[in-house]
Every structure is written in C-alpha cells, then in structure tokens.
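Listed below are the structures to be examined.
The same chain A turns up in both complexes below, where it pairs with chain B and then with chain C.
Up next is the complex of A and B:
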C-alpha cells in the first residue's frame, strides 16, 4: 500500500475525492488483511478447506435447527472459541458480525417481544405493551441463530484463502464455470481497485480547492465510465491470454487437496458436536 | 532452413487505425528474433497475428507449413497442436495472470491442453523450482511484485515447452534487477533450440536475447539483419525513433 499517498494533510480536491480514495483504499486494505488472516498459523487455517466448508455448513444448519437456547449459546461460544484459537480477533467478529447482525435481526425480532402471546414478564414503559416470555424466547432464537450462522460463515471466509474456498465449492457441485468466474472476478477486482485508486490519485494531484457539486458529479460519473472502459479492455485482453494458453471454452481445475490426520480429528470433533447438539438441542 | 512463420503482405487495422500495412516476414525455426520499433509500429499486433489471436484483414500467414487462419484454428485438434507449440508472454503480466494462485497459474495451460494430472503436478513443481517461485506457490498474483509477476508469466508459458516463444516487451516497467533476471532466463533459452521472437525497446540487452533483429516502422518491416549490424546502423535507428545502444553493448 506504500505506493499510494492518501495521507492526512494531503488534500487538494475537496471531500469527494478524499472519500472516494479512502473508500477504495479501505476496500483494498480489507481484502489484503483478510488474505493475511487466512494464512496465519491457526487451528482452522490448518484444516483442509473441504472439511471447513462442510463443517461450517453443518454447524450453520444445526444452529438453525436447535430448539434450546443453551445449546444455541454453546454453538455461538464454540464459534468464539474457534476464532480465538485461529487468531481471529473477537473484536473483528464483534465489529463485522455480531453488532451488525444484532442491529438488523434485532429490529426484525422486536415485534415478536410484544406480539407473541404468553406469560407476561413486564410492560414496556410509556406504551404499556406486554413483553412475554415466549416473545423473548422467539426474539432470542432469531438473533442467536443469525449470530451463530453468520459467525461460522465469517470464520470460514477469514480462515480460508479465497482460492481454496472456491475450489472446495466444487465439493457442493457448484458448476465449474461459476467457480472459475468467481475466481477471476476476485482476481480482477483487485486490479480494477488499483486502477481506480490511480485514477483518483491522478485527479487529486491536479485538483486545487473544493469542487462545486456539479463538477463533483461529473468527476464521479467520468471515473465510473473510465473504469468501465478499462474493465472491458481488461476482459478482452484476459480472454486473449486464456486462448493463447489453450482455453477453448471448457475450464479445467486441478484440485490438490489432501485429507490429513488433523482433518480426520476435526471431522470426528464435528460429528461429536453435531450429535451432542442434536441430543441436547432437540427438545 | 525452412520458414516456421511466413507472412506475406499482411494488413491489419483496429477499426480505422491501421496497425500492419503490407508486412512480409519469414522466421526460420530455431532463430532468436527481436522485433524493434517505436510505439505504434505494429510489434504487439504482429505477435498476436503470429499467435493466431488476430487474423489479417488481407494477406497470408503460414505457420509450421500450414495456413494460420480462423477456420484452421476452429478445428480443435489443430488449435491444440498450435497452442502446444506456440507460447505467448503478454506485455502486461496482470492480464496474463488470471488464476487465483501461482500454482494454479502454472497448471492452467497444461490443464487446458489435457495433459495427465500426475504429469501436470510434476511439471508445476519443477517449474516452481526452476523459476524460483516455490515460496510463492500459494500467493495470489495480485500480491506479487512486477518482477515476480513476469517470472510467473514466463513460467506459465514455458511449462508447456513450446517450440516457439513469443514475448512482448519482457522487461517493460521492471526495475534493473528484475529486468536482469528476465534477460538471464531468456538468454538461458539460447541452447534450447526454440524459436524466440521478442518485441522490445531494450537495445541494451538485445545481443543477449536475439541474433536477428527486425525493425518495424508504420506497420511494415523497415529493415532486418544480424543484431550487431542493426545496432551499428545509427541512421536507421534514428529514422525509426529507436534509442542508440550503449557503446559497450554494440
């Protein structure tokens, strides 16, 4: 990231260029951080991506299925524990999942507190609407299931290099062409982000003073058009490069995953967890 | 020697902008040819015509004794044989590196050409060591330096062991050390018997990578001859807007 000069105090072109540049850089930084996290030494990072994908999906489904709150809480606790032993900071989980999911599903769950009939626990101040035990349980299940599922989803993404995750999607019989398109999209998004940063940087270096609103709109639409043009050029050139190396319309991939002892142990642990959750969580 | 590529009165235009204007050229097997010319002289277009990516508006191109046409390459067996024999390293490595990891990048060509999986794995492992890329095998190409990207691009083509290697500005935008590494890799191909056609502006390293120079101007061949003779022709270099080489590399 050192080649770019979005530094405090380096401001010429008014807020729109700064915000655009900072947003683009944040996107790049976010992608690179996620990539670094996936390559750290940690429990989840050391497992076969197929095991992680299957495990995350199974645990997500179990979180949706369980009917007791303590088991749901235990599954969420397990996700937090896995994050800790995989060097994923809990603050990151909190910021990226827990708070966002709580805000979103919390809003959806609010009506359940007062609309679900049952034993009244207390009345809301001012409105005097009754909050029922059953309503509270329904809201807790909704939020808990969403938090737990999203936590496993994020752990899977953060602890697995994107290319490996894509390859393991083949396990789920996701069409090969879709997997390849996703991979290329991931690859070229970074290239386009770099292009966009260069574009904004070049414009900022020539901007003096704040821009009037009309000029700002023209700048943003112009940059979008230029990027679209570059994306089209890039697509055409990449296609030629593929043809030059033998691509004839049919994609082939080399899956070089190998199951090791620790993957077997992880699968056994997963099976035990699922059985336990089914046993205690199904009542 | 027989001509590997034979181009006769080739014209090619990007919509209304002519790129090749009556170009004729014969390239013999095993030669190391440098295509020289200023920006816009037609070097990259010529490479793409030689690789069967562009087809001339008029004129004829023959490769390995057979016409190189859109119809010919539409035949799967012909395309397979041609792509197996001709490798092309693009100027912009970012365009060429579209796979998620370096390992996948090297495996892409052999996979498309249907080589056995075990052989592909062996070839990739070998190439990773040969091109000093073993430490980068799981890295995403967008996280590599310019020199590393170029090495991966070169490795991804040479892994197919093509008879002909086409290279577009292999040292463009590289720092001196990275450029030196690429030149060393190309110079090492000298004894491989491959035909190597390189479009370049880099007159300093010309003698290391080519023995025949073809100078292009305005989409056609302005001159061709041994590298030493072309480098000594200052009037020609000045007329075709090429820099003069350093005295000790003439």
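Up next is the complex of A and C:
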C-alpha cells in the first residue's frame, strides 16, 4: 500500500547519496521549521503539550471512527481552522499533507471506484467501467480519513517542541525509559544520517565514472555495516559519558507542565467536538 | 508497508495494539536485564541505525531501486527482542515526527514489521545458518532468505489486515468504511510488490551487511548483540499451561450459534434452515440454489477421521471437542519433533 510522509524530499527514486542527502536535508529542515513554528504565538502553541497530544489523538481516532462524510469533512475543516489560528500556513498543510496523501492514498483509492460493487452511477468513457456510489463513498472515506488524521498529526508536531511532546507521552503511560530513548534516538538519527552521507560521499568521490549496480549495492551495504559499527561505538561512548556524569541507570524527568484555564477551555471544546462528531457521525 | 491512519478500523487498531503490547513489555524487560545501565544509549543508537537504514535506497537486481525496512538485518544482528524494540522506536519517530505511517495504526505497523517480521527473520536465520562458521557463505545466504521471509511475512499480515476491512466494516449500503479491497485483491497486490522489489531489497541489505561484517568485523556476527530469542523448552512452561487451558476450553466453540462462515458442506446448501443462516451471515445475499459443481466434486475427495471434531465412538460433543483438540495438538507436536530430529540428524551427519 502507499506511503506518505511530512517530508517533501521523501522519494523512492534517485541515487543512494541523493536520497540520503535529500532525506537528511528534509529532516533537518522539517525539524528546524517545526521548532520555529512551535515558538510562535498561536492558539495551539499556548496549550499544555499533554492537552495537545490527547486532543490530537482523540480527533484522529474520531476521524477514523466516523461513518458520515460531512462529519469527516467538518473534522478536516476544523484542522484547517486550528492551523490558521496557530499561524501554520495552509499552504504548508497542503504541501506536507494534503497533496502527499492525495498522491498516495488517492491513487490507491482510485480502483475502488470501479472495483467496489454497488449502485452504478455512470460508466467511464471509452472503458465503459461502471463507477458505483459505494466505490465513490469508499474512496472518499479512505482519502478523507487519511487527510484528516495526517493533518492533526502535522499540527501536533508543528505546534509542540519535540522534547515537550516526548515528555507528554507519559500521559499515555509510555515508560519513562522509552521517553528518554526516543529523545536520544531522535538526536542520533541526525548524527547517523550525517555519517551515512559522509561515508557514501567519500566512496563516491574516489570513483571514476558511474558505478555498476553490483558495486553500488556493495557501497550501500558496506556503508550500512560500517554505520552499525560506528553506532555501537557511539552508544558505548555515550554510555561512558553518562556514567562519568553520575548516571547509574536511574532516570528522572523534569515534569513542569501545569494545566491552566485555557487548557481547561480547550479540553471542554474538545469534549464538545467529540460528542458532536459522535452524535452526527455515528450513523 | 507503513499503514497510514484511516486504512484500518479502530477495532483492528485496538486488536493490533493489544497483540503488540505484551511483546513490547517482555522485550523491554529482557533487553533492560541484559543491558542494565547501557540500555538507554545503546537502544537509542540502534534505533537510530534502524531508522537510517530504512532511508537507504538500494539498487536491486533488475535495474531498479527500492528501500528496505531492515527488519531482517536488525533481527540477525541484534536478536529478535531487541530488533522488535528498536524497529518499534524507529517506527514511532517516523509516525510522530515525519508522518510516515499512522498513529492509530502504529500498533499494526509494529506488529507487522517490528514483531512478526523480526521474529520470522530470526527464526529463518537460525534455522538456515545453524552453527556454520562466522565466515561461511551459508550465513550470507541465510541472512538474505531471513530478510526476504521476514518482509513477506509482514506484508502478508498487512494484506490480511487490509483484506478483512471490507468484510467486517461496511455500512448498510455495503460501502467499505476503511481499506476497500477484499483479500482477493489486497493479497496479490501486496504480495506481488513484496515478493519482488521489497523482498529483494530486504534480502540485499541483510546479505550485504552480513558479508561486509564477515570481512571487517566478524565478532559482531558471533551472537545477537542484544540477546537471542532466549526460548528454551524449560522456559516455555507457561506456554504449555496456556496450551492445556486452551484445549480444555475448546468446547466453548459449541456455544457459538449458526454455521462457520465459508465452511459449508454441500448438504448445508440444500438445508433450508442452514441456507437462511448463511444468507443472514452474508449481508442477506442468498447462497446459490444448486450446489456448485466444483464443491460437489471435491467435497468427497477426503473424509476426515474425526469429522466435525466429533469422534464417532464418543457420544458427548463436549468431550469430543476436547479430545479432538488434544489429538490435533499432539499430532502437530509429533510432526515438529520429527522435523526437529531430522534437522539435528542432518546437521550432525
């Protein structure tokens, strides 16, 4: 099935280095821009990260659960409205979510128009394939759910600093140790991506002419093997550094989140939205 | 392979989370016990490694490129428990930060790729590599087959999840509410892509890295870096107890009303009462008036020794069910024991 991502450079074609370099740049850019947007004054930026996480997950779940298209469209509209009042440009939402989802999920949903049996609405010109009402609705559900959920996912990440989002995962009873590992993993991803680009670039700069496919395979798998060795060394060094700073295996997390009046109001609004969506969207 | 939000129903997502949670809990406990204070930095770097490997675009035989998930490679190098944790962490960052794969479907993605994919890969690798020397070519082939088998197991599971959606979740007018394609479409569509391109990419990365490590750092291949599967017959006591309990509980199936969907005999299609049950269970679609010729021809080919889980010499259906469960489990265990003996004999020869 199709895949989509918030990263515009996430493509399956291109050379090894192009893809790695693109991935690294896109990930860095996405991280920096998310950081910048999370600091802007806006409705979502001003809320407690736990409220945002609970709200985004609840709205995503509701978007997956509803059984009427108008309610699904209203939930997508709400995501667009929240983006506007949180200084997230709609063009960004369109670029990072709507077009990407449409390209993957929309393409995947297209055959459903003719493959899902039901009441025939019309026949496709030239091919005479029947487009059914059920097929049309089914494709609309699939695309609508994917668009709406991904929009809330992007809003969450763009309006919440990554460390705060990780800390708020404690709300879902994610073990403390995993929260810390997630934070470190996120930092090491960028470091290892840099290493991977350097490794492949160093090998490529010593090659004359394009490498044959067999050599390119050896280049990539060799880089992966070397990267594993470096990652393990890095893990060992990080462990020693942690020990040197007094780490003994116990993990503490500063939990300085405080719920304020606006968080209460946001939770009330969320509850009202969910009840309304449940009431009108459950038929 | 990364299932986005909206493709699976909330019930399917909940079931996938329920299936993945105990594995995560056991994996975390085992890896924590093994690594102790090294857990945080080491698991963080191997998770980051898994993430980066997923971004590698591999030239595969045939002139095209594909990206691997790295589940086979992770399982071979780290062991299945640590691999399932590391890949799950990489998948969570992909879903949360990069929007690659959904959050409601995160449990399903982890179940398919991180858990089933890793354990299947590890089992295949152990089976094929055996105790071959670290530099043996057999280990490279085993890693390739392990990666290929792991990703195809994961794809098969994902296809089943997709294919069950229109069957189980549709509105009154028959509109599929989630992934719209039935098993007949979802399975070939997913498997075609994974048996060819994605499977080849997974095989290439696993085999290539194992071959590279054989030349440069063979010590990394000596044993799984973060612990093997750790399964021993003695440690399976709780599984034996669970199996016994399931056998005793098997007559609970008798409480279910109606017929098992799709398991109809030719006689059922001619029985008016059962025909009504079939129609009710099939969204009011009546079964064919006449028994299909193929079904009639093939139905008589094989007569089960214990038809309908009710041995002829037992007149109590409950006891018959329990006895059938015990006979079935016993036969499977005997078959596995025979295969295991054959495998050991072949290896020592």
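The rule is short, and it goes like this: the second predicted complex is superposed on the first by the 206 of 283 C-alpha atoms of A that agree within 3 Å, B and C clash if a C-alpha of one lies under 4 Å from a C-alpha of the other, contacts with A are read in each partner's own complex, and residues count from 1 in each chain.
Keep this in mind: a contact is a pair of C-beta atoms (placed from the backbone, for glycine too) under 8 Å apart; a residue touches a chain by one contact, two chains touch by 3 or more.
In this text, all values refer to a predicted model and were calculated from it rather than measured experimentally.
**Q** Under the stated touch criterion, which partner chain does A:209 make contact with: chain B (first), chain C (second), both, or neither?
**A** neither
**Q** Under the stated touch criterion, which partner chain does A:162 make contact with: chain B (first), chain C (second), both, or neither?
**A** both
**Q** More residues of chain A are touched by which partner: chain B or chain C?
**A** Counted on chain A, the partner with more touching residues turns out to be C.
**Q** Touching A:146 in the superposition: chain B (first), chain C (second), both, neither?
**A** Second partner only.
**Q** Touching A:196, do we find chain B (first), chain C (second), both, or neither?
**A** second
**Q** I'd like to know which partner A:135 touches here: chain B for first, chain C for second, both or neither.
**A** second
**Q** Who does A:177 touch here: chain B (first), chain C (second), both, or neither?
**A** The second partner, chain C, only.
**Q** Touching A:188, do we find chain B (first), chain C (second), both, or neither?
**A** The answer is both, since A:188 touches chain B and chain C.
**Q** After superposition on the shared chain, which partner residues are touched by A:248: those of chain B (first), chain C (second), both, or neither?
**A** both
**Q** Which of the two partners, first being chain B and second being chain C, lies in contact with A:238: first, second, both, or neither?
**A** Both partners.
**Q** Could you list which residues of chain A make contact with chain B in one structure and with chain C in the other?
**A** Shared contact residues on chain A: 162, 184, 186, 188, 191, 234, 238, 242-243, 247-248.
**Q** Would you pull the chain B residues touching chain A in the complex into a rising list?
**A** Answer in residue numbers: 48, 51, 53, 76, 79-80, 83-84, 87-88, 90, 92, 94-101, 103-104, 107-109, 111-114, 117, 120-121, 138, 140-143, 156-157, 160.
**Q** Going by the contact rule at the top, pick out the chain A residues touching chain C in the complex.
**A** Residues 1-7, 10, 12-16, 19-20, 23, 27, 30-31, 34, 57, 60-61, 63-65, 67, 96-97, 101, 104-105, 109, 111-112, 115-119, 133-135, 137-139, 141-142, 144-146, 148-150, 153-154, 157, 162, 165, 175, 177-178, 180-182, 184-186, 188-189, 191-193, 196, 213, 216-218, 220-229, 231-232, 234-236, 238-239, 242-243, 247-249, 251 of chain A touch chain C in their complex.
**Q** Of all residues in chain C, which touch chain A in the complex?
**A** So the residues of chain C touching chain A come out as 1-10, 13, 28, 32, 36-49, 51-53, 55-61, 63, 65-67, 73, 77, 89-90, 92-104, 158, 162, 166, 171, 173-181, 185, 190, 204-205, 207-209, 211-213, 216-217, 220, 225.
**Q** Any idea which chain A residues touch chain B in the complex?
**A** 32, 35, 39, 161-163, 166, 183-184, 186-188, 190-191, 194, 234, 237-238, 240-248, 250, 252-254, 256
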